[in-house]
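Paired with chain B in one complex and with chain C in the other, chain A is shared by the two complexes that follow.
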Partner chain A sequence: MELENFIKNFANQFDDTDESEIKANTEYHELEEWSSLTAMCVIALVKTQYGKTVTGREIKNCKTVMDLFEIVASK
Partner chain B sequence: MQIDKKKEYNVNGYVYKNFTQLNREEIIQVWNWRNSPEIRRYFYNTDEIPLQSHFKFIYTLGRRNDVCYWLVIENDNPIGVMDLTDIKIHEERAEMGYYIIPDMLENGIGLNFVYTNLIFAFEKIGCKTILGGVHKDNRNARLLDEYLGFTLNENKESMGYNISPFMPLKIERDDFLKYSTKKNDIIAFVNYLKKE
Partner chain C sequence: MENFNPFSLKEKNILITGASDGIGKAMAISCSKMGATIILTARNKKRLEETRSMLKGVGHQMFIADLTSQEDIDNLVDQLPPLDGIVHNAGVGSRVLCKLITNKDLDYVFNPNVKAPILLQKAILDKKKINKGASIVFLASRAAKSPGFGNAIYSASKGAIISYANCLGLELAPRKIRVNCICPAMVWTKLIIQEGIEKEDLEEAQEKYPLKRYGNPEDIANLAIYLLSGASSWMTGSCIDITGGAKEL
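After this line comes the complex of A and B, so read on.
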């Protein structure tokens, strides 16, 4: 599981946010397009692409894309 | 249709604790959530409620049979509130309301939360028909409700019928239970969203 690939997949969950805006240190809750539906897309992404389960509480507790990557990688 | 106000119901990993059983601290927590702008903006009544009125309201719930409110808890942490109002015991019908607490908003728990609320209302409480009203601007809730099987209610049964920004909704137990298998599967829901 590579960070670069994870960031790319994460960025693909957004319709209007440019991919270049999403970096490892991006605080995703602060993105204008972030919503409960984006969060669900990210949960589904982690399940389908990485075969792991990330919870709503983990999504809440992580600040940056890197934080989330580390949680997923540790599972 | 039967409601035991003293019972904590366990459904799908959630605990439903009746408002009549809340301690003072929990009652104040609920009051803070209910009054937060991101929550009350989608209510029928968007006014802020004074704490004293809130305490009075909770106190009256003990002797009322037409409304019931529960705090929804997951792993010892509150995640939301679910209510049944305008309860018609003999018709096995009620209007359902819900909200996720501000702290847990936008974290992807909505699908499982609403799905579990429906399972709770149909299977544990015994509702046959559930009515609802969704704010037209609340796109996420509208999509969720529609995905889970709510349909537009053409009859004037729902309280939301006469309140302009709300769409009156309805869902029947038999339909929901027939088509609900794995409806809380987030991958299926995301695929549904992408088709919308």
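After this line comes the complex of A and C, so read on.
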């Protein structure tokens, strides 16, 4: 899996946040639109696009998109 | 002194679907301890045999069946003795956000949770396998009335079965057959551990329940005993919440 593609997919889970706001070092918990609902979308994304399981706890513990990418990539 | 026990299930034949695990398994074991003869059904032979080995008393029967198959329903119902109790317990959980729901997701939940019990009940009535005065119990869920993220299909399936049960109760009342639903909040079974949720998260969440814990399958089994016994003979068309005090899931 590629980081660039992951960031794009991650950004796609938001409806009102511009894609340009989301980069590898973005601390996603700080985004105004971020919520537990977005976290669920990310869980679903990881499952459908990458065939992997990421937990709510892991998403909560990661800070940046890069952190999350690394966790998913390591699975 | 006479032994007073309005909750006895002696001499009752009780069919329990989804009896190989979780709440169904606990209900089968508890009802057998109350004197019932249990007819167990589920898809998984090995696990169902394990449940049967844990039942008290003799004469219990088990049938392997996938109730989403009409053929399996017909085979099962042909072999059933006349029933005094039915627990429509088999069901699946699901967690999909509304914007991601597919046709496949709908079938995955609605086939076992809604279509299967309705068609099984139809076959039982059609083939006259239910006794006058029998009790029918549906395992619904508090989810029918408590919305949760990702729970739309599951909640809708439980809402559907509650509405169905109410009509069934009306149609069977002339024969004194009673129909009631159990609506549990979170109960410790495999159903609540799903993608992206860990046991530790749930252990933390159960602290928010007024009684400080999620339910155990045996808690639900005790309510089923009441509904299947003569103790509840003036009760039909009811939906009973059993939630450890929780108003939300």
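One rule holds in what follows: the second predicted complex is superposed on the first by the 75 of 75 C-alpha atoms of A that agree within 3 Å, B and C clash if a C-alpha of one lies under 4 Å from a C-alpha of the other, contacts with A are read in each partner's own complex, and residues count from 1 in each chain.
Here, a contact is a pair of C-beta atoms (placed from the backbone, for glycine too) under 8 Å apart; a residue touches a chain by one contact, two chains touch by 3 or more.
As the structure is a computational prediction, the values presented were derived from the model and not from experiment.
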| task | Please indicate which partner A:R57 is in contact with in the superposed arrangement: first for chain B, second for chain C, both, or neither. | result | both
| said: Applying the document's definition of touching, compare chain B and chain C: which contacts more of chain A? | reply: B
| task | Answer with first, second, both or neither: which of chain B and chain C does A:W34 touch in the superposed model? | result | first
| Of the partners chain B and chain C, which touch A:N5 in the superposed model: first, second, both, neither? | neither
| message | So in the superposed three-chain picture, is A:Q49 touching just chain B, just chain C, both, or none of them (first/second/both/neither)? | response | neither
| query | Is there a shared patch on chain A that both chain B and chain C touch, and which residues make it up? | reply | 36-37, 40-41, 43-44, 47, 56-57
| said: Per the contact definition, I'd like the list of chain A residues that touch chain C in the complex. | reply: 36-37, 40-41, 43-44, 47, 53-57
| message | For the complex, give me every residue of chain B touching chain A. | response | 75, 77, 103-111, 140, 143, 186-187, 189-190, 193
| remark: In the complex, chain C touches chain A at residues 95-97, 100, 149-150, 195-198, 200-201
| Contact residues on chain A for chain B in the complex? | 29, 34-44, 47-48, 56-57, 59-60
